[in-house]
Structures are given as C-alpha cells and as structure tokens.
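Some structures to go through are shown next.
Shared chain: subunit A. Partners: subunit B in the first complex, subunit C in the second.
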Partner chain A sequence: MSWHVDHELLVHYQGGRLGDTASFSVEAHLVGCAPCRRLISDAIDPARRDQLWAGVIDRMDWPDPRRAERALARVGVPAHTARLLATTPSIRMPWLLSMVTVLVAAVVASHSFGEGPFLFLVVAPLVPVAGIAVSFGRSIDPLYEVGLATPTGGFRLMLIRATSVLVSSLAVSMVPAVLLTEARWMVVWMIPALAVTVLTLLVSTVISVSAAAGVVCTLWLVGVAMTELGASTRYAAFGASAQMTFGGLALGSAALLMIRRQSFERVGHDWKETG
Partner chain B sequence: MNNSIELEGVTKRYGSVHALDRVDLTIGSGITGLLGPNGAGKTTLLRILATVLAPDSGATVLLGRDPAMSDDRTEIRRRLGYMPQEPGFYRNFTVFEFVDYVGILKQITDRSQRHDEVRRVLDHVDLTEVARRKIKALSGGMRRRLALAQALLAHPDLLLLDEPTAGLDPEQRLRFRAVVSQLPNRPVVLLSTHQTEDVVALCERVIVLASGVVRFDGTPMTMTEAARGRVWTATEQDIGALLSWRMGDGKFRHIGDPPAGAAQAEPTIDDAYLLLAGRDALTVAS
Partner chain C sequence: MKERDLEESSDEELIKLIAAGDAGALRVLYDRHVGWLVIRLAHRCSDREIVDEVVQDTFLAVWRGAGRFRGDGPAAAWIWGIGVRRLVERFRRRPLPRWRREGSETEPSAEELVLLGIEHGDLAKAIDRLSPELRAVLRATVLDGLTTREAAGLLGIPAGTVKSRMVRVRRELREALT
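Let's turn to the complex of A and B:
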C-alpha cells in the first residue's frame, strides 16, 4: 500500500470538498486499510456516522423500487401505495405484453377480414375483466388470508388493485388503438370496458372472481352479437345509445358494489375449509 | 384498553357439518393453547377471531370491539397479528420486502418507522442474516419464522398462531417457543396446535376442541390431572381400551377402563388429550 489518508485529505473528505474522483479513491483505499478506516470513523460525528450507516443498511434492505413503482412515484403516488399497486399480478410485464399481443392480433385480424376495428372493440373491454380475474382471490394471491386480516385488506385492497388493473388495461389497449384508422374507435370501448369491469366486481360478491369474469365475458360477447345482428347499422353496440346504457350499467353496478362491499371483508367463494 | 376476546354461542357450519357448535369462551392476556385433532374446528375458530370469517350465529367481541361492524373490524385488524395455517408468500420478494409489504398493509405508512419495525421482528425470529435473500430460497423452517415475523409487526394486542410449529424440527420449535414466550406487553396469544409439548412448554391455559365443541378449558396441569385413574400399564394388550400401545420396556400402556391385572400409571397431558378428544383424536393418531 503506497499511501494513507493524511490530515489534510481527511479534513477535505470529511467536509465533502474532495470531489468525486478523489473521494472514490479514498473509499477504495478504505476497503483494504483498517487504520485509515479507524481514522475516518473517529473523525466523523458519531450521530452523523450512525445516520449514514442506517441509510446504507436501509438502501441494502430496500433496493430500488420496481419499474412500475418508479413510474407511479413520478406521477405523485406515495411509495407505500405504489408498492400495493405494483403487486397487482395483472400489471406485471408478461401479462401486459400478452394483452398487447392479443389486442394487436385483434386489430390485424379485423383489417384482414375487412371488419374495420370490430374485433378490437369486442376484445378491448375484456382486457380489464381478465386482469381482475387474475388479481384477486385465494387461488391467485398467496397473501390473501394474511392480507384480509390487515386494516388495508378486503374492500380497500380490492379497490386499489381494481384501479391498478383499469389504468394498466387502458394503457396497454392504447398501444394497438393507435393502429386504428379513425380516432373515435380509440375511445368508444372505454365506457363498455368500465361497465363490464365494475359488473365483474359486483358479480364476484356472489360467485368466485374467475367465475364472475367468465359470466361477464359471456354476457358481453352474447350482448354484442345480439345487438349487432338486430341492428340496421354496424357498430350499434358501440353507438351513442349503447354508450348511455353502458354508462348506466357502470354507475348502477358501482352503487350495488358499495352496498355489497362487506362481502370483500371475509374469505371468498373459492375458500376451502382445512381445519 | 380491553385486551380480551369473548365468544358467546358461536356457531359455524359447512353444509351439514358443525365446524363450531355454540362455543362460549373468554380469553384474556397470556398464551392460551388450542388443542384438537384435524377437523376439530381450530382453524375455523382462529379465522373467526382473525375477522376473515363470519360465524353463522353467536356473539363475538374482540379487544372490546364488534368485528361485524366495519370501523370496529378495521380497528381490530390494526391490533391483530395473524399467522395462518398455510401462509402464502410472494416468492420473488426478499424476506425484508415481504415483511415490509405486510407492514404497508398494516398501515405503517412512515417508511423509516416501518423499516425499523421490520428489522425488529426479523431480529426477533432470527432472520436478520437472510433479510436480503429471496423467499423462494428459504427453507421450510425459515418460512414459518417469516410467517411469524409478519404476525409480530406493530406489537399486536391479539396474536393468532395456527399450527405455528408444524413442520419445524426440534431446534426450530425450541426457538419458536423462546420467541413467543418473550413477547412484551403480554398480548392475548391463541396458539392452535396438535403438539401437547408446545402447550406444556408455553401455555398457561389450554382449550381442547373436538368436533366443534369445547371439551376442556383449564390449565395444562388440571388437564393432566383429568386423566388420573384412567391410565394403566399391563403386560397384555387390551383390545377394549380407548388406546393401547407397547412401550419401550415391553409393557402396554392403556387409556380408558382398566384391563385385568393392570396397574395405575402416572398420567401425562397426552393421555388427557386422548381421553378428551376421544375418537376424533384416534382417527388422527391412526
């Protein structure tokens, strides 16, 4: 070892006046030199040293937030809420990519068959429904029972995750939506999407969430098919009167969901008794 | 502050099966053991106390509050620590992240305070060394301790532990006992177990549950005494006994009525448990 920290270097380092390159050099030296470590340690105010050390430990224990959490923090979401949102299974990258793939395929297939945006409009509202189906319940969430026994569990956690699902579904659906030829097709699926999502949550107060998603998906597909077959114009299921109907359905389902919210506070329909 | 739990006529059914049948209990501070065979209703009782399951009928008051009321239930959950029988984990989380996440669910929103609390409970269960390890890399025993750690967050006034020693080796079980016996502030601790050794080592009170009914409620010592006069040793096996087995010295130990030529033996808590749980316990034993 060719050099050691002298008094002048110590004073500058301690005062933060050494500059990055020289500071890194000192720190690299400290790793292998116990006498210099002691010298630096003795020279620093113990309270500040403890505070710095606690910061280092905390940084090691709690590494950089995940990508989704960083994105949420940038729009002002508190770190603890961002963590709850980010644990929603349906906002993980593999899920989002698979949904984008499905929607792009729907757009391409629609164009190939000369159907315009029809297939996309049918599939897009089902993306948040599928997201809901993989975000709640005993069979999906390994922490379901522990979470339910906490003050955030139950209805509050469901709302947090449903919000997460809706926002992420909206975002992924906008990716293939830009391939559509007319701007109005980029938005007409949104109110139906909101309606079927809230309806899924409402039905999940009676049957399991996966069964609820299946029932609502079926109702949606049958409803769209019947509307289109019975109407004199194309896209009647996404027209103005249909939008009003879906808006009313969303509001009515939300009201009933509030009335039924207690059902989220107890173990669900997919519960199996074990003892 | 009311630190007790009170149940009156609590009943829970699954179809035609009574998981709990008109259970009356009052449990105060200290460690209470809940003994019973599989299917006795222990887990159902703990889930009702953890506010995740509603009884079909009967009154429940936890820490002075009614879990059927929304505000009361939230307040109970703030003061509750719960380790379920089969705790689940986010396997890609580190140990620290996992407990931190439960801390968020428990509404410890100040990050610094929460992290201090996470370190405290991890230290308490001796998991500090693996705090940055992913959960999927932990042994079964470590996962049980991790499940216990999350239950200890925020110094709960009501701590519910469902089969916490299941699957632990003897050393880990001793470590668990040390942790639970050293909890500060004497919370209400209800410990569901098959292990009579846990009850003797830890509990000042024991409740035996079988077929959804409370069969015994008292101290481990009085429970053991309840078997006095019902335990025998003999040179021949008695097929009429409730249970009979050959011991290391070649003699047979009998629980129940005395066989011919038998000598009365000093009872243990295991004998008392077998007598109290009756045929249900034997189903498990076999």
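Let's turn to the complex of A and C:
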C-alpha cells in the first residue's frame, strides 16, 4: 500500500478535527494497515489503556450472559429483569420443548380417539401451572433468603417470574393450537389457563407451590369431567358460561393474591421451601 | 506461549490462541487494537464512559467468541464489527440524546479540503457536499458495514429514514460524479 496516514492527518483524526471524508479514508485504511494502527494506538493515554484492560480482566471470569438473556435485553427488558427471566427454569428451551411435545401428543391422542381437540383443551391450561411448580422455591434459588431482603424480592419477584411463565406457556401452547386444531379452539383454553395459574399462586400462599399445583390440577380435571358428564352438550366446560366463571375465578384469585401478598415476603414460608 | 513469541504472532494466530483460552494472547491483541478502537468509537459517541464500556465489552466478546472468527477478512475488521454492534446495542438499551452520540466533529479547514481534493479527487468533493445527516448514514452503512436497522440504532433515527437517506446519497453522488 503506497498511501499511509501521515502524522498531521493522524493528529487531526485523533482530535476529531478531521472532516468526514478524510475520516472515512483514515478509518478504511486503518482496518488493513497495522503500522498506521500502531501509530494511532501510541497516542492513547497509557493509564486509560491499563484501566480498560483491568476492567476486561475483571470480567473475563464472569459467566457469559445466556443467549436468552441477551435477546431479552435487546428487546428492551432491563438487564436485571432479563437475568431473572433467563434463570427461570420453565422458560428455558428444554422445558418449553417438552411442553410442546406434551401438547402435540394430547392433540394427536385426542384426534385418534375421535375426540377432536378435547384433550388438548384439557391439558393446555395445565402447562403454566406446571411451569409455576418448577419455577419457584428454594430448590432452584440458592440465594432465596438473600433475595427476600432485596427490593425485587418476594412478591415482585414472584410476579415477574409468574408473568414470564404465563407468557411463555401461552406462546408454546399456540404452536399446537395453531397447527393442529380448528381456529375456534385456539383461544378457549386461555381464560381457564389464566384462572388456574392465578389460583395456583393463591393456593401457594397457604401450602407449598408444588402441592398447590397438584391440588389445582386435580380440581381442574375433576371440574372439567363433572361439567362434561353433567351437561347435555359437548365442550360445556369451555362454553360461554364456563368462560365467564373462569374469568371471575381469575379476577377473584388475583384480588385475594394481592391481599395475601405479604406471605411472599416471609422467610420460611412453604412457598419458598419447595419447588 | 512465551511473551516474545506472542508479540511476533499475527492477529489471526493470536485469535486462535484466544479461542483455546490463552489470556496472554488476548493481552497482546488488546494492546495492538485498543487504541484505534477507542478513537474510532469516539468518532461515533462523544461520551467517554460509554466508549470505555463498549471497548471492554468488545474485548470480552473477542475472548468468548474467538472461536467464531472465520479469518475471511482482516482481524481489525472483525473487531470493529463487534465493537460497533456493541455500541448500537448500548444505544438501544439506553438511548442518548443525539447531540451526545455525534463525535466532536467540526468542519474541515479549507486547507484540508484542498489536500483531500488532490488525494481523493472528485469523490471526496462529492461526499463533502452531502449534508451531515447523509454523510452520517453513508458512514454507518458503507464504512461501518451496519445493516439498515443497526444504522438506525446507532444514529437514533427510524430505519425508514436510513433507507430514504441512502437513496438520496446514491442519487447525489451519482449526479456529482457523472
């Protein structure tokens, strides 16, 4: 290469006093020219260089932020919330994949028994409940007590995680719902899903979260079975009046949950000890 | 590897060693590249704290992602690609007012313009005649190699504006050069 950045040009470029066109030339040249890069690098304050390096060394051993965490940060989720979400087991890929598998299996089984989407509708609302059951508690969070003492601990932490579980569960349920069932069945499981999820959180203020999930799952299955057996039409458990009931249940549970939110701040509550 | 051997290694060899976990190689690569990276970033962001943060992020990304270097271009271009994207990401996370993004650029002196005219001929004059907004878009897309979306993130303008400005850049340059 015959052209090199001369001293004057370099000084102007470093000081930001060079016009755009000349800067373009300098920058394009620097990429391919090691001697010119060395020239310009010598101009940077050695103290700053060392200080920057110290920062790099300091963070070299830090864990690499997960891909999910970076993706969340990119769409505008604050870094600390992104970290929280990325460490929630039920929004990790293996869990989501297993949930999709379960739902697809439910749809296939349902169809092969000539039941239409029925089995899918029964299983889909339980996905977020299962997600809640594996997302909370001491078993996944070794710093549980420490977390309680922080401003994001307790109730707020629970809300952030529960929301992420709910959103991701709805998203994975949409996969089989869109691919495998008729359009009208795509949404009828959503309000029941919301209701049983909030109910699980509410019950978990009294008993452990896994027990709460078990109780709510049982209630849901028994409730659906009894409604279907007692009603004259199929899908009564997902009809308009049932949707109203589930909507009411979701709102009522949410209200009670707000009242009982103190129980998420206490150390030693069952909610924290199992999961 | 001994320190002197590292000093004599090419950037590509260093990156291979870094991929294998050699922190000494990273130090040598850092020393070679930190200077121009700091100054080039400073031309795109006048906030020194952010530049420092982005430089550190860049070398950490090199440390972790050295295995992804394919060696199909100069190492400096690869490092710059990482650095400028970190800057875009940084702006996206916490946008700065536009006046703090721009480097401390001023108009070139008449003398410089004359020198450049000799050096680069008509193209330089044509680029200089572009408005500053158009030149910023030209720099982000052509020189920095950013996509339309990334350029929009760097400059703090909508992606559609980047596209329409690029159309104007092309038109104005074509007119000036033919």
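Assume the second predicted complex is superposed on the first by the 196 of 275 C-alpha atoms of A that agree within 3 Å, B and C clash if a C-alpha of one lies under 4 Å from a C-alpha of the other, contacts with A are read in each partner's own complex, and residues count from 1 in each chain.
We adopt the following convention: a contact is a pair of C-beta atoms (placed from the backbone, for glycine too) under 8 Å apart; a residue touches a chain by one contact, two chains touch by 3 or more.
Because the structure is a prediction, the values reported are computed rather than measured.
Q: Output check: A:L219 vs subunit B and subunit C. Expected answer is one of first, second, both, neither. What do you get?
A: neither
Q: Once the structures are superposed on A, label A:R83 by its partner contacts, choosing first (subunit B), second (subunit C), both or neither.
A: Once the two structures are laid over each other on A, A:R83 reaches subunit B alone.
Q: Can A:L157 be said to touch subunit B (first), subunit C (second), both, or neither?
A: first
Q: If you tally the residues of subunit A touched by each partner, is the higher count for subunit B or for subunit C?
A: If we count touched residues of subunit A for both partners, the winner is C.
Q: Could you look at A:M60 and tell me whether it touches subunit B, subunit C, both or neither (first, second, both, neither)?
A: Touch status of A:M60: both partners.
Q: Taking the superposition as given, does A:I40 touch the first partner, subunit B, the second, subunit C, both, or neither?
A: In the superposition, A:I40 contacts subunit C only.
Q: Looking at the overlay, what does A:T21 touch: subunit B (first), subunit C (second), both, or neither?
A: The second partner, subunit C, only.
Q: Touching A:A236, do we find subunit B (first), subunit C (second), both, or neither?
A: Neither: A:A236 stays clear of subunit B and subunit C.
Q: By the touch definition at the top of the document, which applies to A:E265: first (subunit B), second (subunit C), both, or neither?
A: A:E265: touches subunit B, not subunit C.
Q: Please identify the positions on subunit A that touch both subunit B and subunit C, taking each partner from its own complex.
A: 60, 79
Q: Which subunit B residues qualify as touching subunit A in the complex?
A: Within the complex, subunit B contacts subunit A at residues 14, 19, 38-44, 47, 50-54, 70, 73-75, 77-78, 80, 82, 84-91, 96-97, 100-102, 104-107, 109, 111-112, 114-115, 118-119, 131-132, 147, 150, 162-163.
Q: Give every residue of subunit C touching subunit A within the complex, in rising order.
A: Interface residues on the subunit C side: 23, 26-27, 30-36, 38-40, 42-43, 52, 55-56, 59-60, 63-64, 74, 76-77, 80, 89, 92-93, 103-108, 112-113, 116, 119-120, 124, 127-128, 132, 135, 139, 143.
Q: For a test of understanding, state which residues of subunit A touch subunit C in their complex under the given definition.
A: Where subunit A meets subunit C, its residues are 3, 12-14, 16-25, 27-28, 30-32, 34, 37-38, 40-44, 48-49, 51-53, 55-57, 59-60, 64, 73-74, 76, 79.
Q: Touching residues of subunit A toward subunit B in the complex: what are they?
A: Within the complex, subunit A contacts subunit B at residues 58, 60-62, 78-80, 83-84, 87, 141-153, 157, 262, 265-267, 273-275.
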